[in-house]
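First comes the structure, then the notes that go with it.
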Amino acid sequence: MSAHFPALIVVSPLMAAMVVAILAWVRPGACLPLAVVTLAGSLWAAAGMLWRVVVSGPFAYHLGNWPPPIGIAYQIDHLNALVLTAMAAVALVNLLATWRHARRDFAERVNYFYALYLLFCAGTYGIIVTGDAFNLFVLLEITSISGYALVGMGKRDAALASLNYIFMGTIGASFYLLGVGYLYLVTGTLNMADLAMILPRLYGNKVVTAAFIIAMTGLFMKMALFPLHGWLPNAYSESSSPVRSLIAPLTTKTMVYVMVRVALYVFPVDFSFGHLAFAQPAVWLAVTSIVAASLMALSQTSLKRMLAYVLIAEVGYMVGGFWLGNRMGMTGAILHIVNDAAMTLCAFLAVGSLRQQLADDSFKALRGAFRRMPWTMAVLVVAGLSMIGVPPTCGFFSKWYLIGGALAAGQWAFVGALIFSSLINAVLFFRIFEIGFFEPFAASDHGHPPDLAYAEAPATVIAPMLVTAAGLVVLGLLTGRIVTRIIDAAIPAAIL
Amino acid sequence: MNTLITVKPLLAILAALCLPPILASSRSPNAREAWTFGAALTMFGVIASMLPAVWGGARLEYTLVQVLPTVSIAFRVDALGLLFALVSSSLWIVTSLYSVGYMRGLKEHAQTRFFSFFAFSLAATVGVAFSANLLTLYLFYEMLSFATYPLVTHHQDREARASGRKYLLYILGGSIGLVLPAMLIVYHLTGTLEFSAGGILAGKAGAAQLTALLVMFVFGFAKAAVMPFHSWLPAAMVAPTPVSALLHAVAVVKVGVFSVVRVVTGIFGTGLLTELNLGTLVATIASVTIVAASLIALSQDGLKRRLAFSTIGQLSYIVLGAALLSPSALTGAMLHIAMHAFGKITLFFCAGAIFVATGKKFISEMKGIGWRMPLTMSAFFIGALSVIGLPPCGGFISKWHLVIGALEADRIVFLWVILVSSILNAAYFLPIVYQAFFCSPEEALFERRVQEAPRWCVVPPLVTAAASVALFFYPQPFLQLARLATRHVLGGF
Amino acid sequence: MKRFALLAVLLFGALLVYGTTDFPDWGDPSSPAATHVSPHYIRHSLEETAVPNIVTAVLADYRGYDTMFETSVIFTAGLACFFLLRVFARKAPDSRLYRHRATGITLRIEQGGRLPEGAREFERIDSQWVPYDLIIRTACRLVLPFIQLFALYVVAHGHHSPGGGFQGGVIFGAAVILYAISHDLRSTLQMLPERRTVLMSAGGVLIYAGTGLICLLLGAQFLDYAALAGILGVDPIMARSHGIFIVEIGVAIAVMAVMVSLYYNLASVGRFDEGL
Amino acid sequence: MTAAGYINLIIAKYNYWIYIVLMCVGLWGMIVKRNLVKKIIGMNILQTAIILFYVSIATKKGAALPILAHHIGAHRTDPATIINPLPHVLMLTAIVVSVATLGVALALTINIYKRYGTLEEDEIHDLMRNA
Amino acid sequence: MIWQLEFIILLLVVVCGVAALTVRDLLGAAILFGAYSFMMCLLWAIMGAVDVAFTEASVGAGVSTVFFVAAVFRTSRRSRD
């Protein structure tokens, strides 16, 4: 059975989504358990594949038993096995932590929410494992459409935010599709490995150059890099909390992964980094992205919007680190895909819990949060420390590699941007912690602060959050192993 | 020299991390404080048990986890680290006693949080002391920053918030803005972060780059409170006195200077610094801080603020000693970590005791207080003597070594700095004692002849004052360690 | 904004033009796209899958996995629309309109009242009711069976002519939509209730994915229809042909149901009472 | 290149020029138009333009439809005489994707209209600001 | 294929596309979009992409237009640009 994991990991959530949609009419109570079991199975399969890759190297799966350029092939290697495991874990933990919120937010439609959730996950897993450029587009659309629906069902202005998300997302996906079309035009193939074999013969072909730029622009749009980020803050802040903590860790990170995959495994490495003068502008774009998003985050007055901008800055980390073009920076970028997914999940889960219990997430509502919801705030502190980059949380280690890579590449601007963003993050998070810790002030100096009602979330919500928070530290401590066993093998040897 | 692999350093840190039992027993204060004592005693016991091995010239090592391909979170107990750990852990026991008296005496809120984070801070402090490489040191350094934040801002009022902000601004700004990049540059240049006796940077970078790095480290470890990165320390005095006593006279600030000493000796190496004459630069910065801080201390009326500025000056003695790079100066610097700790903690304890007993914070209100609190003020006197550096107190020993060191290094200027500042020390401490005993009390508050603070607040300063005196006559444990460390640093092995 | 947009669009156009200058000429049979992978399909699809329509063969077999997701995309869209629009808290309308079939007199019953179900001489009508149009209704009634028959033909004959599950499904769906437009939503819903559209759309995709899963359970790769040879009792190549047919049926069911469901939701704004 | 060369370039690839024009029109519509339905139309034009591009890739001059007759032996088929079927397959998928996106977009538009009572983006922004 | 015919269709595609974006009546725009899709479908049929053309005829010109009309019917016909 384990040989079929590459297909099953995508097909099982997909089929489960259909079954959930049917069960919603027949036996509504069975939907949630089915979804949880399916996602747990996916995580198990992903971990199994990661193990297999680490032990015995990459392997392929030929769907319909057609050899690769003729049919569609899935290629499991170190890079996608790692990202897949991370994303599967995120999806599972998020569902476990937020199903209560979902029940409250979606009421009668909660079962369809589970179905869309599963479809979203199926699409994301597929994007990660696929080895076919066009197949990736189809999966991308599954993810996107279910994402649009999930975002659109939020509160207040969610519909408009979601429609803007559709526009930007469709342009992004269309650009990617057009890029693939250009590549198909000059190579005649859609298989990534096959493309990588043919493309080295086509240096200097303007079509390839145009394909690269168009596809990258599309991906930048999808991952919300700075000037193309317009859709993200609204989409994330207007959606309801279970959706936010699903989409925020998965979408942008998956797109960064696709960028890595395309630039390393579809285009030849020396084309992406040598032939085309793309790396340098991309790093500068990332620097702008980090600085601008950090500054914009400072001016937000609600927690989720602030986090949304922090997220845009984090995208800048990954893009910049990747386009540094050296092994250390790339390691940092890939590591940060995993770490940032975990961090974002952790932060948004805490925000979701705060929002559920305090019914508001403006900064004002957070007054006294440390006393009212100590566990949730503890989780938020861990997430915040990780985003600031404090050891031993995982955020420190990816930042370590990113800055190290920037030093090795002599990109001082990127070093500066990373340090700047860390400091801004410290300001951002401690501003929140201060409100939660100090306010409301005691009536007199040195007096006891006023008593507040204890309003902690139920244990079923807290437990997955604590697991995530612990995961941040564990991931940080495992950095060495992840890098030497997995990421080192994921980066082509051509990159020094 | 031989290296032993042992889990003891980790045990010492874990001993302090007794948060779950402290939190679990939050409903029963006695049990909670018993756990704290247990942790403090266990930690001291574990650390003391490593003493014979280190005296015998061994190093104890333990690698916890390989976090990066070439860098791990690892512990190494050498003479310098053990000296610092010994000071911190022994004083924690005393401080725990004192905290119980102080916190209960003032009926402070959130005492469970207080004791938990106190233990957490000590774990981080010992972690810094036992770090085998710069990354581990940085890890515990940051852990300490965050663990002390709730302690500094314990009162949760507007003033505490402002102080907390300042505290984090300096500490985090320094560590993230300066130390982190500096550390990465070191890693980039050398590929390692291990502390080693001869330094790791020799021959890896040009003079200008090394100077920049050194400056980044010295200022970046803002806990060392080298001017102009000092102003968090007076601000942090809003904390309850046990916090000020242990953390801002011993743990936090000493972690700062300890880190500077470690970096100077373990990363740069004395040879490299001598060669580039970088020592003078650091020594000059430290001298300016010493003199300026002493002058400012003269003008402070708040007792704790005056002590804070005194601390700033005294810390720079240690930096100065390390920067002079001569054997006696290094020994003196390391010794000063211990000697100053005992002296200064006595002073803080006394300040706290006065506050608990009378509610007074300002020196101008303390005329004649010696007649009301004779024991406390006697301890204060001894502590002051030790910090000034007069016999028969431990402070004399370390200052003596520093003076000799300055002569050895043939830097007469710094000799004068030490002497002038000692006179200034005397000038801001002795009048307090004089006023306390020889001025008549002005207020009706002092009608009753003798009324000391609660027992738990009086005993600890007496103990530490006695220890200060004892260290003059029997400085062996620390002196031996400091000499070992110096020999090791200068490549004696 | 307009100027910025124009600039962005022109820049993008310039990039496309730049790329186009290196394109192979239009319709060039020796371009890479025509010589690398696709010749395999042209040469071998008939012998490997026994399906003369190469597009169908590639769609449902060589790249069958893509098509499964394509169907899932459609399903997702249907589910998404339902999720976004469906009004669950159904409140009874303030008034109901009934029309007497014979005379055309309209009855308005307020405060939630209704005529008994058995009152055959009355029919319920929409608030925006267009006068009874004999020509349209009759024409639609006449045309509908043929459209549906044609849809089935398109599905069934997809192996040999243009068309297949997707087109057939859309046409069948369009037939239902036509009925809904020419009559009213209420009678259409009686014919094809909402619940059935959801079940059919999910079931259609399940047929597709299930076929793949059966192949997998029979020991072959996912969607390797040749593994069905044992069950179907034919040789592996014909099994591929039959496999393609099975999944086409799944696609047709799913697409038909989703198209109808999309229409229901959009036309009634999720209330499922009155259509266009 | 001579003038004749340019004309040749234009004629030889005229399908490609049309798709570029359509793509720009669609993009322009999406960015500039303030009406949400217009934006959706722009989005669809963009998507069909890409489909046109793919279909153009597939054509071969003078080639037959990609449907074989049963009696033709497979090996007798010359790939140059049959239109490339692969882009057609891909574009079937793309059409489905575009109709799916359209459905969701229209559903959201209806929801937006329910909430704000208008489809003009700037009017909605005014409403949001005043709320 | 008669190139004049193809040329006219190409021209009509562009005209219909631009017109669908510019008319102020959304119902008109929806119908024009249907015409655009139909022209596109003709174009593809000419290019030999019969399956794609078939799909576009049923989806683009058929069902999509119905969806547009339904949505416009349920919202508003008015457009300011």
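In this document, chain identifiers A, B, C, D and E correspond to the written order of the chains, with residue numbering beginning at 1 in each.
One rule holds for everything that comes next: contacts are C-beta pairs under 8 Å (C-beta built on N, C-alpha and C of every residue); 3 or more make two chains touch, one makes a residue touch a chain.
For clarity, every value in this text was computed on a predicted model and none was experimentally measured.
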Chains touching both chain D and chain E:
C
Interface with more contacting C-beta pairs, comparing A-C to A-D:
A-C
Which chain's mean C-alpha position is the greatest distance from chain B's?
E
Innermost chain, taking as reference the mean of every protein Cα atom displayed:
A
Can you check how far apart chain A and chain E are, centre to centre, with Cα atoms defining each centre and the answer in Å?
38
Approximately how many whole Å separate the CA-defined centres of chain A and chain D?
29
Taking each chain's centre as the mean of its CA atoms, chain A sits from chain B at a distance in Å of 43
Chain centre separation in whole Å, for chain D relative to chain C (CA means):
19
Which chain C residues sit where two or more other chains touch them?
16, 21, 23, 31, 33-35, 37-38, 41, 53, 55, 59, 63, 66, 69-70, 73, 76-77, 80-81, 84, 162, 166, 262, 266, 269
Can you tell me which residues of chain B touch two or more of the remaining chains?
none
Check each residue of chain E and list the ones that touch at least two other chains.
50-51, 55, 59, 63, 67, 70-71, 74
For this structure, enumerate the chain pairs that meet the touch criterion.
A-B, A-C, A-D, C-D, C-E, D-E
Under the definition above, what is the set of chain C residues touching chain D in their complex?
1-2, 5-6, 8-10, 12-13, 16-17, 20-21, 23, 25-31, 33-35, 37-39, 41-47, 52-55, 58-59, 63, 66-67, 69-71, 73-74, 76-78, 80-81, 84-85, 160-162, 166, 262, 265-266, 269
Complex interface listing, chain D residues touching chain C
9, 12-17, 20, 23-24, 27-28, 31-32, 56-61, 63, 66-70, 72, 74-75, 77, 79-80, 82, 84-90, 92-93, 96-97, 99-101, 103-104, 106-108, 110-111, 114
Seen from chain C, its contact residues with chain E in the complex are 53, 55-56, 59, 162-164, 166-167, 170-171, 173-174, 177, 181, 259, 262-263, 266-267, 269, 276
In the complex, chain D residues that touch chain E
14-15, 18, 21-22, 25-26, 28-29, 32-35, 37-38, 41-42, 44-45, 48, 51-52, 55-56, 58-59, 63-67, 83, 87-88, 91-92, 95-96, 99, 102-103, 106, 109-110, 113, 118-120
Residue ranges of chain E in contact with chain C within the complex
50-51, 53-55, 58-59, 62-63, 66-67, 69-71, 73-74
